[in-house]
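Both complexes shown next keep chain A, but they swap its partner, so chain B is in the first and chain C is in the second.
Our next item is the complex of A and B:
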């Protein structure tokens, strides 16, 4: 018996030395609610999974990190990835600055892909096909006709990233693909939710009710995968995978009354926090001038100022059994320093099927000069005339001024090949709006190149 | 009996605006023998909001096969348009197949594998014959073998020998028959159940020539298939008559059901359907009245209960001379015995090493003293 004991002890010692230390993983969830000036409510969900990793090793040992993503990025040598599905128009004038960058309608994939024997484009095709299967979307339509290597605008910041070694990624290239026609619905949300550690069973994800989320004025869901260095030598890296979901809900249309509980808003309730979450919180961000009524029988919020004109009331879900939050506020007017600094609005000019133009209005609401980069991805069947580009700034005093651009880059389109890229820098005058305008001819399409619903026209971005 | 071939009154489906012709194929692959593969594919080929009922047909069948145990990973759903989040849908994120709006057949948990512009004849044929692009993800492939039973459900607008896809192109009955022949040659199915709800549906399976295909269609050549419930709230019809009658029967079956295809067929009431459904068993070996619905609609694992426990080790050597199927088991058994012996030997060696170490320590210790 004693011998057996010693034997087992020896074996367990061997086991302890032989085994690897498990990776450090954290999962955080956060819901931000923001009353908007026109009475709508912005709900912004953030789910963040992080894992520490030695960059020379393949990512193999993890519990919370989604396996689908880990296997995909390693197989297709993807260093960074941003995917978004958006429906609706963000109204800058009424809703201030959006909490996310990807607000263009449709689906967008931005990825930094390395080269191996498959080549950059081979990996890009593999990645978009894998994403297409994973999220039930037509992302496999992203091919050379609608994917580009963008110039400066979409260059992912270099920073302290694990350049050139991470997952064996060499010579990573940033690629951008857009599908403006792609719709988003529950079939995309279902697989997205399945990647959350607690799915919708606990935590703030319990509020993700597709019937309410798709009854919104603006909806966007996305994900991003990014490695960052933990030390200057960059041996240890942190892989972060963030899932975000943003919806603007028109409460007065969805329900009667002026007092809304979380249960009314989402038709679901939060019963407990996700036990796997390191932190789990609900934050309500509102202007300090707003008389926001917050009621909760069980929970007490911590109110603090986050800027000179914004306040936040935070609930820590780990301490609450039930979050029975009730909100009410009067419609208010956005203060100028609270509204969006910059906004853009793009539309098509002309009529008929021969030629036309595109005009973009960029408004600078700040009392100072603003440097921006204008980026346009134009499908190959619009033949743009670069010499017709006209940029006019309409100043606050009513004067009109021709603006000069700098760092001009134009990629010629190839018929049935690649799209055109238009990119240049502008300096917007203070408190002004600027019009960027150019003309194009509409290309001649074969009958088989028309979509089955050609009667509704084409989405060009 | 071949209930399907009525070529005498052929008519084209030109006047299809008032009738219901929409197609969605559904494939269910169920493998009762090896219990490895169960799968289903459902495809809706109709675009545009007024074809809501075609999406509803397909989703209702999707719900049924999911309820009967076929997981999403084995179902391929093709929907040509987005109805649930269509701007004209008064109930965002929901699709109903009945005006009482009691059951949302789209639901919170749905995975659509081919959608929108991806639903084309080319993709459909590539999918079922397995000739897809190398990068195609698993969810967009039909991963079946010669042990798999597959259910095809198609609904959409069609006519004699064709079914429209997206209102832009057609698949004809010869195409499907050829694709099925290819599948048979490539050992991609054991049995196929082909169900189609469209105008002149029975013409679509008249050209089949491969074995083990059981077909059911909604209407004879020359007949239209019609829609059923009109929903005043949504402003359209929400389901087709033939699919409705099928679903009504499917609602009452569960995974243990012993209902056969003839039980289902006997419930078809031509007064409700307003067309004459037909079936074709020319290429099917089993009897129509002895083929269970769950062989195609459900993932039913057959477990054999034996009276005695199965001897795993001691009798293995004696069994070696018996039948082929036993031989396989015996090999496995021998291998595991071999593994066990290796395992024991390994631990005996380890134990011996530790004992040696302990003895050595004692020896030195004693000497030292």
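Our next item is the complex of A and C:
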């Protein structure tokens, strides 16, 4: 090597590169376990990375924050990003409210994209292509035919100016793209794990065993990136990046017996916390009526009530050497006040390949009125008749009532162009279920437009 | 109904009246349909299925690839004299032209003697000018100013004049009135030696494949207008020690000066990251003092499956620099060669990928921070690796030691001298021209060989732009402006590559001729079969008919005896 003679001398030119203080980055990990009434177990992993950003872009030096994600959102002017891969159906009646919003099956990308010389759509294409390469998924198929700009849904509340401040672009567009048919598998999980500071080598992420996770009744993993204001004046900005993984495991099918240890459930062991984590915890949330047996050789959980009917037992992993937790509980019935406030079901009506309909049942379990927005993304090959939309509320006393919608928005589909969007507001009566129903004609498809294994049918969201 | 029956009747009558072969009109119908098909159908089909192919300047493209014009790279020297130093006798009055001629003819001779077969006829051109007395604060690449200073007594006890080659483009020579021609001689010798070596290197970089290229070039990444540099701190075991680094400070001190210098040619995007739990795919070998890995294990050092090295940058090549911190139990980890001699730098380079440096910080602290000072050895390794990856080569002014010539060492604050920078610019210029020329040549050959490929006007525009830029490069070189020529050459190669890799052209390639037949046959075969068969039938009839006609008009004596036999049969 030649430059061994280099020594520190006066440095004059630094020029355009400039200097700035290193940003403060924090990492937190948290695992929530929740026994479900039907004997299943909900495991919800949350990995939070935050970066205090008191300077403007570009971010250059990364410690805990994943470089590729930051590079991607900066390059494609993405102000906010939510990506999710989901498999299975969430059973609202049995499993209560899901801990995540994105429970539709397949892959979904929701992003606020700004415009530059590439344009909004160019940035969206770039972003989805980059995500596709990163997560080994078919996200590059998100194009005009399955990406939409939602009207009211997914809109950020007014006054949230962090994004604009952060990127210098104030009129970003929210785009939503769905690939309902996307299969989720280990090849998506591996790059997702790669973005974690400790990967699966330490901390709760050590439990991420793909064999057990993909053998579950419901699986969802995702990430979100979002800048938020640290103060009302929004001078300082916090970039938060969260990775979540949610799985509903059927323990009785996986193994015998009624006593389960973490080791049995995941076939892996938590040795310690991730040394980079500011906090690292395992929480078990259960109804206070449930007789939950918790055994741990070393650690004692801190038990506290989180609501009138829910208790939580928390373990701080930073004090543990090995967490060998054992759980057992009797199957229990969900209390009505414990089940989800609101649940939705959607199914296809009719048969044959000419026409059909879609019916969505929305149940309001609360004893009060609920304002909701109904949002439906319908592929272009279903020609929806807006005049056939029928909304009926079935009240608790058996009466049926026609409901009025407000703020109705309907985007006409274009054949081989854009999909249709149906969006309107509803006020659900207390303790009722409401049916939203509409008819469609099935469009004529070229043979190349059929998905592989076409007789299995189409996934429409 | 009536019409049809009448028509049929008429036809019957016509058939009855004429020969049994059918009416003349009947005979003409297949002929007409063929004619209509040929006259209207064929051009229509031709027009409809025609592939648009813009007219490319094929001759120029091939010419640049196979028979490019001579490229002469100018080296402009300017000499300024202190008062009264300039040689003034009549004999040496036109010293500048004489030196210029001598050096240029030597360069010419060297280029012609050279047995290398180059793809581009490259040579250097030396220009010498007397200073016009202007003040030169900044000199452009390949422009040098030699100041002849009056040798002050007592300043240098050496009798001989001295040429001082600095790391900028300003050289200084100390001389006296008496010794001025001798100084010029030393200057001439040094410059000649420098230019001949440079010419050799440049010609070496564009040799044809059958002559050997230098191995140094294999490490280097090709020129790109943008590079992405990623610095990664790899901590094998954060549980025994957490490591952080002041990368911004270290880059500012050691890397940015070099990048600033190079920014006249390329942009550099710099990023850094910290990765943990980066276990080596090769277990180090334990020794009595720490552990080591041998040089033959190095190709497996990078664990690309687990280390998060990927970049989303779509175009710019990424250069990686890894600072590897082994776990405390295997420290110190050193690299040893096959004779088990430890490497001096404890770093190594992967061709066209990046560089790695292994550092063994003290294990006693729970958290270890690499400050700017601690990063110095690492940054030295990285800087020298980056130089090699970009293909920056040392420049030699003299052959061996020359006591009269003093060449400055590389300045620590820059990482690259102006001479090296100019040399790199010349090589990248030549490479760009060659890349543009060979890409255009390949594009032309590809378009000629694939007749079904669509060639849009945009391709034509890109190609003619690239050709313009190439011509411009040669033109600007002849006026002596290297950096301007470099910009043009970079544009030329960029445009040529853009044309070659245009996604529009690829689409049609997926359809081979068989595909065409598969589509046309079901359409045309059923339609042409009856037409063809009726034509065949008519032809046979016509032949037969002609035979019988001949028989009638010119009765053959042979047939006659046969004819009476027929009635006999009846």
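To be clear about the criterion, the second predicted complex is superposed on the first by the 427 of 461 C-alpha atoms of A that agree within 3 Å, B and C clash if a C-alpha of one lies under 4 Å from a C-alpha of the other, contacts with A are read in each partner's own complex, and residues count from 1 in each chain.
Note that a contact is a pair of C-beta atoms (placed from the backbone, for glycine too) under 8 Å apart; a residue touches a chain by one contact, two chains touch by 3 or more.
The shown structure was predicted, so the numbers you read here are calculated from the model rather than taken from an experiment.
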>> For A:87, using the defined touch cut-off, is the partner it touches chain B, chain C, both, or neither? Pick first, second, both or neither.
In response: first
>> Under the stated touch criterion, which partner chain does A:198 make contact with: chain B (first), chain C (second), both, or neither?
In response: second
> Counting only touches as set out at the top, which of chain B and chain C does A:211 meet: first, second, both, neither?
Replying inline: first
> What is the contact status of A:130 with respect to chain B (first) and chain C (second): first, second, both, or neither?
Replying inline: both
>> Taking the superposition on A as described, I'd like to know which of chain B and chain C A:452 touches: first, second, both or neither.
In response: first
>> Under the stated touch criterion, which partner chain does A:382 make contact with: chain B (first), chain C (second), both, or neither?
In response: neither
>> With both complexes superposed on chain A, which partner does A:61 reach: first (chain B), second (chain C), both or neither?
In response: second
> When the two structures are overlaid on chain A, which partner does A:186 contact: first (chain B), second (chain C), both, or neither?
Replying inline: first
> Which partner does A:141 reach: the first (chain B), the second (chain C), both, or neither?
Replying inline: first
> On chain A, what residues does chain B touch that chain C touches as well?
Replying inline: 3, 6-7, 10-11, 130, 133-134
>> Considering only the defined contacts, which chain B positions touch chain A in the complex?
In response: 47-48, 80, 82, 84-85, 91-94, 104, 106-113, 115-118, 133, 135-140, 166-168, 350-351, 354-355, 358
> What residues of chain A sit close enough to touch chain C in their complex?
Replying inline: 1-17, 19-20, 22, 60-64, 66-68, 71-72, 75, 130, 133-134, 194-195, 197-199, 201-202, 272, 275-276
> In their complex, what parts of chain A are in touch with chain B?
Replying inline: 3, 6-7, 10-11, 87, 125-126, 129-130, 132-134, 136-138, 140-141, 181-187, 190-191, 209-211, 213-215, 451-453
>> Can you tell me which positions in chain C touch chain A when the two form their complex?
In response: 230, 238-239, 242, 244, 246-249, 251-254, 256-257, 259-260, 263, 270-274, 276-277, 306, 308, 310-313, 344-345, 347, 373, 376, 380-381, 383-384, 387, 394, 409-410, 412-413, 415
